[in-house]
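Here come two complexes built around chain A, the first alongside chain B, the second alongside chain C.
Presenting the complex of A and B:
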């Protein structure tokens, strides 16, 4: 949740792109970048994709395993119905065509995180093809802050396919840390000693594309001299967890666009509820392919593949780094090579993992242990019916029906939890408000994306953990709408609500914060202020209309902000004219 | 290109044979490549033997092209009537950790232990 909120902030500062179309250093050549992303998303089924081991994060190592996911001889995979359904749901949400027949294939490679020696994936018959999502076009980040006027850009999705995740490996220092951790020495039944390890620290990115036989530069920083430096440790709990891989077309042209695309995927998928989408736990992972070419060239340049991207900001930074690096290579007169590179977020640079002499040779062939799956139209229709309103549609509806500013609607629609909060509260706020000058839902939306979100972020809480309920916030907004409290007092009341969980009405009553709407009481203060400020009074009478602001301020001060500003203004004018 | 990729090679042979073209034998280069992918450490003599034997196998399968498959749709499987074998998403039994690790050549603190692999 917090990530979605933070990223909205990012959107607003975004658009610094080193991007395509920038001039060479001497101004002679303009280059453009061509980018595609491969995004892996772990599905939150209860069990793994091809066996009934639990799919859960953080269990002691090698306890959620069975002969199938350990690749023991004679074991046979059987497809999890829920994994197929989730994949279809995600593919539909991404506007894909669902294949009437989908087939699994073996992707052959050797790496110890996959004990079978191949990954069961999909090749020529993926679950979904030809989808798309829309993002703000270049420069649209600012457009959205100004009311979402930015042009939309459609990013095509080539395919969405199902596959199994690999195990988790620990190398170098991380392996050494496990090896030297105090605890029982022998492994049998000793699940507790390893379970206290932070699941993510020092783990490698799963490596479905890894090749063991290529000359790879080892990462020196991960290998201090120590007992761990000569072995790697493997936990197969994640092996066989269902993944969907979402492959975009080469439609992205800058790091910022790639970031926006990834964020949009995450938003859409969060509505489909097929994954936890936690980048930090590895349930959403991203590889990027990028090449650059002179804008005058119709032919794509030589690409590099960037792995290990671990955050939304990282996608943008890694791609901008790669684009600049490739430009330097080109400008120095060399030819870029077909590289696989690793993003090092700490050092903000990519390092060479391997140079590909030839295309990967995974020798895909149809998985003989699994039969084809026919996906009939009735099933697709049923899954489609189960989809909730998706973010683009929600945004449009909030603008059209609730009359929200497009920026507000965009922020609210970017998270299902926030949208649910807004919609629950908006239903109440519409009922309670008097026909006020300001539209109640608009005011409510300002509170939701303003004070409410920033307070939550400051407290490090998710929307689900908020001490203020949608109905509670609606109650506060209704008090403003009814003129019981001013917007300024409302901010103090909100703080109190957040701290105590009490209702706005109760706090206002308890603390006597209701606006003074008794004109007699205010008139006395008004007289007092007029008497004490002959200068501004004279100014106002001389036609300086702005002088009344000062006088209103004085009355508000004396009434501790509880006078109705409209009433004060009205009384002052009556008395001074 | 063809020499570097046995599957593409097989398809190319198949296509060539379909057209009544010449049968392309397996070369030493194909064997080198497949051995590398399969992490097989073969001696020169073994490789020469493989050139011959794999060549014979592929040659044998080329006889399949004598069949008229004009009206047979391509299939990924040999059991045309079996499809949609799915299981419900209900957790079952797992192996206890000690059993899971029992056949491992080496283990440590509940993990499989393998020679150091380079960081990916």
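Presenting the complex of A and C:
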């Protein structure tokens, strides 16, 4: 569990700041980092969490709204059962215990895009508690307490709770740009916002200011006197979009681990099908808490909270930056302060949003407009039954049953779409292949994560858009297994399949690419090659076994690669003995 | 004909028999309203055109029914043509709704509260929006952000609050019935001080959807009427589950008119001693005890009882209600509706200026109290403790209702007090609700029914019932009203 950071700035375990940079004195103090993540995931229910407005991304501003999600006077929330079900589904996939009674609470803070002045969230009695996920431990010689490479590390999840999203604010240039192009926007309160700009005007308010007693973000990149500098625009479409917040324990020790954990959450949740999980659209958002302390200290250091992390890479970079920054603070003899900081990905640094003195007291109290929700065991069991095989289990099965290399199984299991593609195709190779089905599946898996994926990526296509079907790719692999074509020819056939969508068999037939397995025909060519290459023949006969490779190559060349290499080898040896 | 003197069920009867038109009823009430308003100031907004239009629609419908040869009386909805006033903290589509606060000046909601929709569907004609204490915070209607309402029995005195406009409008004949909301006594107190019937239904019996929230776990909408039969009709119209309100009880509401005349014989009525404290005026004490004696003569079995945690109720209330209010009122920030203070550079300044200018002193006081009791470090000592004591108060009621079917108490220790007499002393104002607040904490139903006059000022008898048992409550109130002759009075 311990990641040591050497003050000389060497990356020991999970990296010291890439941006912080300053190497320490040659002192011997080693630090470890303690990190937890708060991950927000938008649920893709058909309607919002407390009203029946559509839950959809990209609608014109302030069109998916009603008295309830606008928080108009007198309106009341009613819990969307689907949102609860999705939250339970996600919590179960993350190995959480589901609370038999779950309670909503008001989280009070002022912000223009929070129309009620409070967010309906959960405090005591969240939907799920005490979960965990496993990530690859940071193995090797890095001193991981978990042991060597490939060891799993369990990251505990403290809670999974359900809440409503806030709206979006557009400040400064972004406000001015509404209706034309994209622009900057801001991180609101505690539900970090997403990018992507709608196309017409919103509600205008004075721009929030860093000096304001509300403790909110300053408008990023707002020019002092440019268009949009004296107003902000608000889009309330996102208000009431259901979110789950997944809070980890302080089990992460490096930026890389945090990145791996976030990636793992995304993989698991992608199987549960509760969210689009698009960081770019804000349906997956991440805040990080990080502190460092001397490895010898049992007491946690003073943490900072980093908001506005917008990518997987950003998590790693932001944390590495923060770790290095805190180390510098400690080294300079100061004490870090309990800060909320904002990650600026462009400049690769964090900036201070607010310090402890300005921190919000959210004054949580139970939401009187919603009655406690009782989640009975039958409901939990039903949701559990509806869960698909999750990635860890799938990986283990692919290794155990299909005999895939762990790396292949991991790549395949990390995406539900890829796994579905593999499994569909693998079923076909199993049927058609000789001699060993398992061998065929291994070959098939190599093709899936190799040529197939790289061709797809090169074409910028998703798996669903692939012109080559799982059955089609299986057909190609079967041709290799049956000896009809060589692996080398298969690559050309695959290209043709990808370009035309035709079946492998058809392409092989059409182009006459089948291997020559007629020994009579090959024997003639073999004779021809022996006659034309007395030198290598003599070498071989003199005991230089390697010379046969040249002769095989000549035969393959003359047969345009269609001769079976095994057969050529066999015939040559027979004739030269 | 002075139609405004008649209760709603009589107006409905005349309309059903074709003796008057809805337009005549509406016009007659509007005339009365215009004559009385300069003195009473019960309305923040008079819905003159809307009321006349609604009445016209009803008359058209009657003509159609008649032409079709149908039974008009049977076909008309139960409150057809009955003029009603709506407390200004309930949303009315297209009609200004301010909760008597400057912070909602000129706000026009885009939707009807569920109760408003149900009254429209029942055929009631909306005369206008009744004045109240700002955001229903107060006991005299003097905290209105616009102007105080006067007691129709003595315009130098308060009508009670917070639903003072709703009570005064009915007492003065400006409307046959009205809706109020009751968080700590805001229906029963003004009903008592204005000499009309006021019902605080069980929490959850009537949808709160569209009621501008004050204390969400305490707020409940109920009717004001001049007699108990009208109260039952209004309850019929507004009660019942609403899918838009998660806290509304998913149980069918009975026909409250059905059991009205079943009498009180055998009913066990408890008289909790804590409700007759030393602050109770002798005249009030006597009127209430006389009323209880009458119920006993009519066959009820009366016995003394105790609700031992009563003395904590006021303290608990003034923690829980402000706590909820502090969050409920956070949305009035000048961002989306209501007047926005000018000249602010930062959004924080804009909030502060808008809220300082928009909220009156009592509302500000409660927001501050509520914010304080929820703050880190104080939550456990105040809010959490208050919730625990609230449970104890509730248990008091559970316990006495094992022995009694109803409780009988005064509504207010005093009759209507002079305008301005308590404005400077919030605590003495808060004490006006000492007999009504525990009922909200417990969530049980209660009714205030007129039980006589002291020096020309009305006194109210409070009857408290079991959860969801408004029917028994209304039956006892009706029986008392019939035999006391106190029903149906209008302040000249």
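The definition used in the following text is that the second predicted complex is superposed on the first by the 490 of 577 C-alpha atoms of A that agree within 3 Å, B and C clash if a C-alpha of one lies under 4 Å from a C-alpha of the other, contacts with A are read in each partner's own complex, and residues count from 1 in each chain.
By our rule, contacts are C-beta pairs under 8 Å (C-beta built on N, C-alpha and C of every residue); 3 or more make two chains touch, one makes a residue touch a chain.
Not measured: the values here are computed from a predicted model.
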- Message: Just checking: does A:371 make contact with chain B only, chain C only, both, or neither of them? Give me first, second, both or neither.
- Response: both
- Identify the partner contact of A:108: answer first if only chain B is touched, second if only chain C is, both if each is, neither if none is. both
- Now for A:565: first (chain B), second (chain C), both, or neither, which partner does it touch? neither
- Residues of chain A touched: more by chain B or chain C? B
- Query: First (chain B), second (chain C), both or neither: which does A:294 touch?
  - Reply: neither
- Query: Touching A:62 in the superposition: chain B (first), chain C (second), both, neither?
  - Reply: first
- Item | Contacts of A:171 with chain B and chain C, given as first, second, both or neither | first
- Task: Answer with first, second, both or neither: which of chain B and chain C does A:553 touch in the superposed model?
- Result: neither
- Message: Is A:81 touching anything from chain B or chain C once the two structures are fitted on A? First, second, both or neither.
- Response: first
- For A:118, is the partner it touches chain B (first), chain C (second), both, or none of the two (neither)? second
- Task: Report, in rising order, the residues of chain A that make contact with chain B in one complex and with chain C in the other.
- Result: 67, 70, 72, 78-79, 108, 110, 112, 205, 207, 212-213, 216, 232, 234, 361, 363-365, 368, 370-371
- Note on the structure: Listed in rising order, the residues of chain B that touch chain A in the complex are 4-7, 33, 36-37, 39, 76-77, 79, 82-98, 100-101, 103, 106-120
- Message: Quick check on the complex: what are the chain A residues that touch chain B?
- Response: 45-47, 51-54, 60-67, 70, 72, 78-84, 103, 108, 110-112, 125, 169-172, 175, 178-179, 181, 183, 187-191, 193-194, 204-205, 207, 210, 212-213, 216-219, 222, 229-236, 307-308, 342, 353, 358, 361, 363-366, 368, 370-374
- Touching chain C in the complex, chain A uses residues 67, 70-79, 106, 108, 110, 112, 115-118, 203, 205-209, 211-214, 216, 232, 234, 361, 363-365, 368-371
- Residue set of chain C touching chain A in the complex reads 90-91, 97, 99, 104, 107, 109-111, 113, 208-213, 215-217, 243-247, 323-324, 326-327, 329-331, 333, 335-337, 344-352, 371, 374-376, 379, 383
